[in-house]
Each structure stands twice: as C-alpha cells, then as structure tokens.
Amino acid sequence: MSHRILLAALLTPLLIGSGARADTPAGAPDTIAARVQGCATCHGDSGQGTQDPSFPRIAGKPAGYLFNQLQNFRDGRRSYPPMNYLLQYLHDDYFTDMAAFFASQRIPFGPPEPASVSANQLADGEQLAHRGDAAHGIPPCVACHGAQLSGINPGIPGLIGLHSRYISGQIEAWRAGTRHAKAPDCMSDISHRLSDAQITAVAAWLASQPAPQTSTPAAQGSWKTPLACGSQP
Amino acid sequence: MIRKPTALLVLLGSALGAIFGHAAHTQQAQNNAFLGRHQSLEETTKRGEYLAYASDCVACHTKHDGAAFAGGLPLVTPFGTLYSPNITPDVQSGIGNWSADDFYRMLHTGRSRDGKLLYPAMPFPAYTKITRADSDALFAYLSSLEPLAIPNRENELRFPYNNRSLLIGWRALYFREGEFKPDPRHDAQWNRGAYLVEGPGHCATCHTAINALGGSSDEKAFAGGLIPMQNWYAPSLTLNKEAGLGDWPQQDIVDLLKAGASMRGAVYGPMAEVVHNSLQYLTDADVRAMAVYLKTLPERAGSGSAQTPRGATQVSASVLARGSALYKNQCSSCHRMDGQGAPPAYPPLAQNQSIEMQSSVNAIRMVLNGGYPPQTAGNPRPYGMPPFAQALSDEDIAAVVTYIRVSWGNTGQPVSPSEVNVLRPAALFD
Amino acid sequence: MRRIGLWSTLAVLGIAFVGGFVSFIWLPRAQLDTYPSFFAAFCAALGVPQPRQASLVSAPSPRSDVVLTHDLLQAPQASDVGTGATLALRCTPCHGPTGISYANSPNLAGQYAVAVYKQLRDYKTGVRTNPVMNPMAAALSDIEMRQIAAYYASFPKPARAQLTALPPPIVRWGAPMRNIAPCGSCHGGVDHTLASPWLNGEPAAYLAAQLVSFQSGRRTNDINGQMRAMVHNMTPAEISAAAAYYSGTNLP
C-alpha cells in the first residue's frame, strides 16, 4: 500500500507535466522545434511536407543542403515571396540551427504519388535515374543523389517523397535561370541537357517511388560525384 | 647657470615652437571645426557610422543584393519609381566630389550639390533637423567607405512628376527647414530622444498619414497612416488605442525597439527592417531616450481616429463560431485559448493594440503572411508565425481575425472577407 | 520625216530598255528575300513557273478547344485579383514575385488576361506542352485560371528595354511577298487581336524559342495556325531580330 502511494507521489508530477498544454503559465518552450513553427503550415510541423505539391518535404534532408536553401531564399537566389519574406532578417547562425533540426527529423514517408504518365514514360524515368543518358552527357541521378536516392551530406538532397510537380518545377526553374545554386551550378548544367520528355519522365518516376530502406543521407565523402558542384565540397 | 647662447637657442626654439605650434593649432582648429568638438577623424567617423545606423541610410541606399550604400534600390511610389543614388565616395557616381558643406546643405535644405531639388523620397523634411556636427560626422563616415563605381539609374517618374520644379510648390506646403531646437522645458534625455525620433530616426515619415501629393501635415504628425505601395499600416504613436505608448512600461518600449520583441508584441513588416538595420545598433541610453520622448507625445486624432467600442454581440454568431473554431485549431497552441500568448515569444492577442486598432491591415497581413521578428542581439533566435494565405479562405481569415478583434475584451471591429482579399496581392518583398 | 522616225525609234527603245531594266534587274534584285537567288528571281520575272511552297500543315495537329469571344473574361469578380495573387504564388519560382522573371521564363506582368487564360487552358488539355506547365495547369480549375489571369493582368505592362530602337524591317513591314504580316498588326501596342499576347519586355530567348517552335510545327495551339503561317517563311536572322526588338524589360 505504501509502495503504491510512493509510486503515485513520484509519478504525479510527470502526469501533471504531460497533461499540461498551452494553458500552463509556463512560457514558450525554449526549443528550436517551437521556434520553427513558422514553417509548419507549409512544410508540416516536423518538415514532413503536406498534400500540397508546392511545398517539399524537408525532414531528413542533409543539414548543409537545407542551410544553403535558407540562404538562397534570404539572399534572393531562389524566388518564392513567402519564403523570402519569412527569412529576410534572420542570420546564418540561426539557419544552421534550423537546418540541423529538420535534418535530424526521422518521419516516415507518406504513400508515393500515383503515376499520371504512361508505363513507357515511367520506364524512361527509371532509365534516366539509374543509367542516365550518356549521349547527352546526363549522368544518372543515383551518381550524385545516392544509390537509394537519399542524398549525401552535406549538400545533396534526397529525391524520394517529393511531388512530381515540385521536381519538374525546380528542374524547369534551373533551366529557365530563375533558380541558382552555388557555382559551379551542376543542376543548372544538367537541366539544360534534359529534354522536356525526360523531365516529365524522371519527375513522375521519382515521385512514384516508395520509401527507401534507408533515408539517411550518406556520409560526406563516401563517394565521388561525377560533376563538380559548388554546393558539395 | 645657463649660458647666453643656450638661452638664446632656447628662446628661439620656443618662439619658433610657438609660431609653428600656433599655426598647427590653427590648422587643427580648422579641422576640428570641421570635425566638431575637437575629436579625431577616427572618432568622428565612428560617430558618423552610429548616426548612419540611426538614420537607416542603408535601407534605401542599398539594392536587394547590391553593395551597401551603392544605391539602385527601386522606390515604387504612386508617382512612378525612383532609384536611390550611390552615396559611396566614388567621384563619378557617388559623393566623392562633395564637401561637408555640400552634404549639410543637402540634408538641411533638400538641395543636391548641383542645386537640383530632391524628391522627398529622401526624407529631408526630417533630416533637416540634423545638426551641423552630426552631418559632418555622417559625411566623414560615408567618405571613409570604399568608393564603388556603380552608376546611378535614372528615375522613372510619370509626367508631370518628372519635373523637379513642381517640388517648389511641394516644399512651400510641406517643408520647414531648420535644425532641431532643444525644448528647454524638458531635460537632456527627452531632448536627445526627440532629436533622434524627429531627425535621424525620421519616424514621422511613415507614422503620419500621407496625402495624395505625398505630403503630410504637422498636426497629424505621428498620428499613423497607411504606407503607400507597401500596404502596411504604420500605427499612430499618439493614440493609446493604436501604438500610442502612453501606458507602456518604458522597458517594453526599449525591448520592442532594440530587440524587436517585448512583452507586449513584436515588430513585423517594415518595422522589422527598421529594428534590424537601424535601432538594434543604438545604445540603450539612446533607445531609452526615444522611449521617454515617445511616451510624451500628446494624443491626437489621426487617420486612425477613436473607434466606437463594439462588443462581441454585434458580430454574427456564425462568424464568431467559425472564428472560434479556427482559433482553437490553428492559433491557440501558441497564442493560448485566453489570448495571453507567451511573450516575448508568442505575442499576446488580448489587449494588443495591433489587433484592436481601427485599421485591420496589420492583423490581416499577419495571418496571411506570418513572419519572423528580426534576429537581433536581444532576440537571437526569434519565434516565427506561419503564413496562412495558402491554407485559409477569405471567409476563414475574416472570421478568425474578427474573433480575435472582439474577444477577451478587445475593442476591435469585425473585418470582412473583401478586406482580406485586397491584401493578398500586397507586396511581400522589399 | 526621217528625223521624227529616228527620235521615235530611240524613244521606244529607251522605254523598252527602262522597262526591261526595272522588270528584270531592279525588281528581281529587290525580291531576293523571296527567291533563293537572282537567277530564280529573273526567271520568275520572265514567267518561268517556280516550285510551289510546301504545304504548311503536313499532319493533323492537336487543336485548342478554347473558344475566344470578345466578352471572355470581361467581367472579372472584385475578388479575382486577390485570390489570383495567392494562387499565383506557386508561379513565382519561375515567373518571378511580380510576374517578371529576370531570366528566360516569360514575363506575365501586365499580360492580357485572355492570353494567360488561353495558355493555361491549352496546357491543361495538353495542346501546348511543357514539363512543368502541364501538371501546374492540370491542377487548376477554370475559375482559378481566370483568377490568375486577372491577377497578372492587374500589373502595369512591361516596356521594351531599348525604347528608342527602330523596329527591324521584319517587325515594321513584315514581308508581304512571303505572306508575313508586320508583328504589330496583331501584337500592336495600341490595339491587338484577341488573345494575341503583349510582347514588349519578354525575354529574347523565350520569344525566339517560341517562334522556332511554331516554325517547326512543335507548338500547335495558335488560333487557326496563324502563327505557324507567319513564321513559316521567316529566316533565322529575322527571328533573332524580332525577338531582340521586343525583348528586355525596364522594370527593376
């Protein structure tokens, strides 16, 4: 009996603590997670993305890649007014913390996007992703983005879990010259070598892929990429 | 015993020393007259740098991804677009050929070195109050910058505004030349605050209603106004119902201006830029002085004149219900069901003047666009509010903003979906 | 009598010589843009039949289903611009925050609402193809397309970069012998035909790419094949000149 009372006495503070939500007199949690709620309505509260194809999944992406994108939006190398506005007066040290937070999120992937292209096109996309197009100087996606397309630290993102419209939009933005990465901008080069049909095919194939076995980005320097990229030392 | 030749030499030496010393002293005195108060050039330059922060020159004289002070920022006005000039000491494109006199005349009278009248996009009606010594310090600082040979871009003003002689009339109506005169009825701290707010800080330039001619009346100074083209409302600093600071604790004002976040709320929109680029660099004493001055601004009816308090009973029940449900799902996790928030991280919404004021522009824009307060030394890891424009319809946003404006004893008025709709295209970038 | 005969003979010969010079030398030289060589122009002047031009449309091509009438999009709702603004956020990564792309994507600021609406409809049905515009448009309803069109139409129209440049001949006069109308007859600044887009300020690379696309028959959503007919006989130099003339932007 006395053990139970003791146990109850010990556990009660925990119970009260876990039951308390926004209406306790405590201040805001002093965590990065609380601070980046500014990202939640578009990217999901842990960066897992939403149904809206305009906004990518950022959970589990390499911290260096996320840092670069935060900088790109603040400095205008990528254009999207809500992002440009939110990040305008924030500095690199905070970006490092934000990037580290989202990079460390391990959130399960949602179901893959149903393919809206023909089987032939999907096959073309798979061909491009795994074997590239040597005739046009296009390396396979896996050569830089990883065998499981989970990315490499610090700067190359994974490509699974993104909507096809987001992928084709970003490749097109590179091709049109409205998205920029650090020089040498390898994605810009590649985007100019891709045909319209190839962009459609590879975006559809990537979006239709199920969650990889391991979604952790590979360690920096674990293999050499075929193109020199300013974002990947 | 001093020998005669030695004595003569000593006399000669001291005479010469006196002559040269006097000459040098005169030259130094002339330099000091230029530099002000017998300071070294280095000290003056440092003081000028501080004043450049206080005047926020960099905000207009820097293009978005351009070099600081090299100009080129487009200033979109209802009269056309102006491009800020290069104010680095480059001889071709900048102020390399200017003298301290030229610079003072420009600040004080609104005339450029070549005599042409400046458009009041350059807030010379406020900068006219800057003292000669401060102007010289600013000039010394700008002259110490690296000269950048970046050419200036021609203004694109529509006819007839591209004719500078129209400014003669504008100046007659809206410009009163004159350095700041300390008010002997107030102490040094108040006067310092008044100088900073009315002169370098040029706060009235935004916080006063602007008429169709781009001018503003002295009676309405600080009484609030919608910033044209940017579509933010710069609240009245005189009315306690708006951003009037009469009942704010001084520390909250200092926190708001210097750190960007206080127990009463955080800065957003154009004020985030002001804190980030200007006010966060001022000393505590100066910001405190500004707070002292701002608290004494007399209440004035401006464009945001006193509203009739309207309680929750005058809002449709369905709107309130919709707003309440949305608030619970989307807002309460940070701002709490009782609207108290968790300041300084999550601003309170209850009795928050930004929410209650007659203009609904800022409240609606916060919901549409969200925002992060600026990162400052006093707020190094700001808490952010997410944007809801892409997630909520006009009716939803109107409902939740109405709910917030009338709940917890707030005396704001309801907002309509069309008020939300017209703010969706508002510019988000600089 | 003999003297009058001499002068009249000389006069006839003179007229014949002048007529021959004009018909067989001067005019053929002026039409070297229409004929492959001076010899071909000379022979054509003599009356030798010239090979006919190849048929413009060799195979059936997908056709737009957009029916353009003058009251289309004439009555936008008051809320269209605002709603369109939020919808158009997804367009900004390529088309810029204010509808000016500062790169090779077409500028949409100030574009006629009907032109934007027609292109979105054609992207949705696949009559016009682009890897990102097809899925973008597929996700939009008809009302959303109208709202986006109204939003972009609410901006001021961009100007050309070189405001004082004289139009090149192909823009100014077209080439009547080759069935090319001057561009301004449809794309003019003062008035324009329905759904002909505003061209001033568009990126040169984009304009040139579209002209080439029409010429090769890859782009087929032009009304009644008019653009394909126009560009069919344009030379590459003329395409570059027209694109360069209309291009650039005066906006920051």
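Chains: A, B and C, in written order; residue numbering restarts at 1 for each.
FYI, a contact is a pair of C-beta atoms (placed from the backbone, for glycine too) under 8 Å apart; a residue touches a chain by one contact, two chains touch by 3 or more.
Everything numeric in this text was worked out from a predicted model, so none of it was measured.
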Completion exercise
Maximum distance between Cα centroids and chain A occurs for chain C
Completion exercise
Note to self: most contacts are between A-B
Completion exercise
For the pair chain A and chain B, the C-alpha centroid-to-centroid distance in angstrom is 38
Fill in the blank from the handout: Cα centroid separation, chain A vs chain C, in Å, comes to 42
Practice task
Find the geometric centre of each of chain B and chain C from their Cα atoms only, then give the gap between the two centres in Å, rounded to an integer.
Solution key: 49
Handout entry: Residues of chain A touching at least two other chains
Key = 54, 81-82, 84
Handout entry: Contacts with two or more other chains, residues of chain C listed in rising order
Key = 89, 97
Handout entry: Per-residue multi-chain contacts in chain B, two or more chains
Key = 389-390, 428-429
Exercise for the section: Provide the residue numbers of chain C that touch chain A in the complex, in ascending order. Expected result: 89-90, 92-94, 96-97, 101-105, 129-132, 134-136, 139
Practice task
Within their complex, state which residues of chain B touch chain A.
Solution key: 64-65, 272-273, 276, 332-334, 336-338, 342, 345-346, 369-375, 380-391, 428-430
Completion exercise
As the complex stands, chain B meets chain C at residues 74, 81, 83, 156, 389-390, 394, 417-418, 420-425, 427-429
Handout entry: chain A to chain C touching residues, read off their complex
Key = 53-54, 78-82, 84, 116, 164-165, 168-173, 175-179, 196-197, 199-200, 203
Handout entry: Partner chain B, residues of chain A touching it in the complex
Key = 21-23, 26-28, 32, 34-42, 52, 54, 75-76, 81-82, 84-91, 93-94, 97
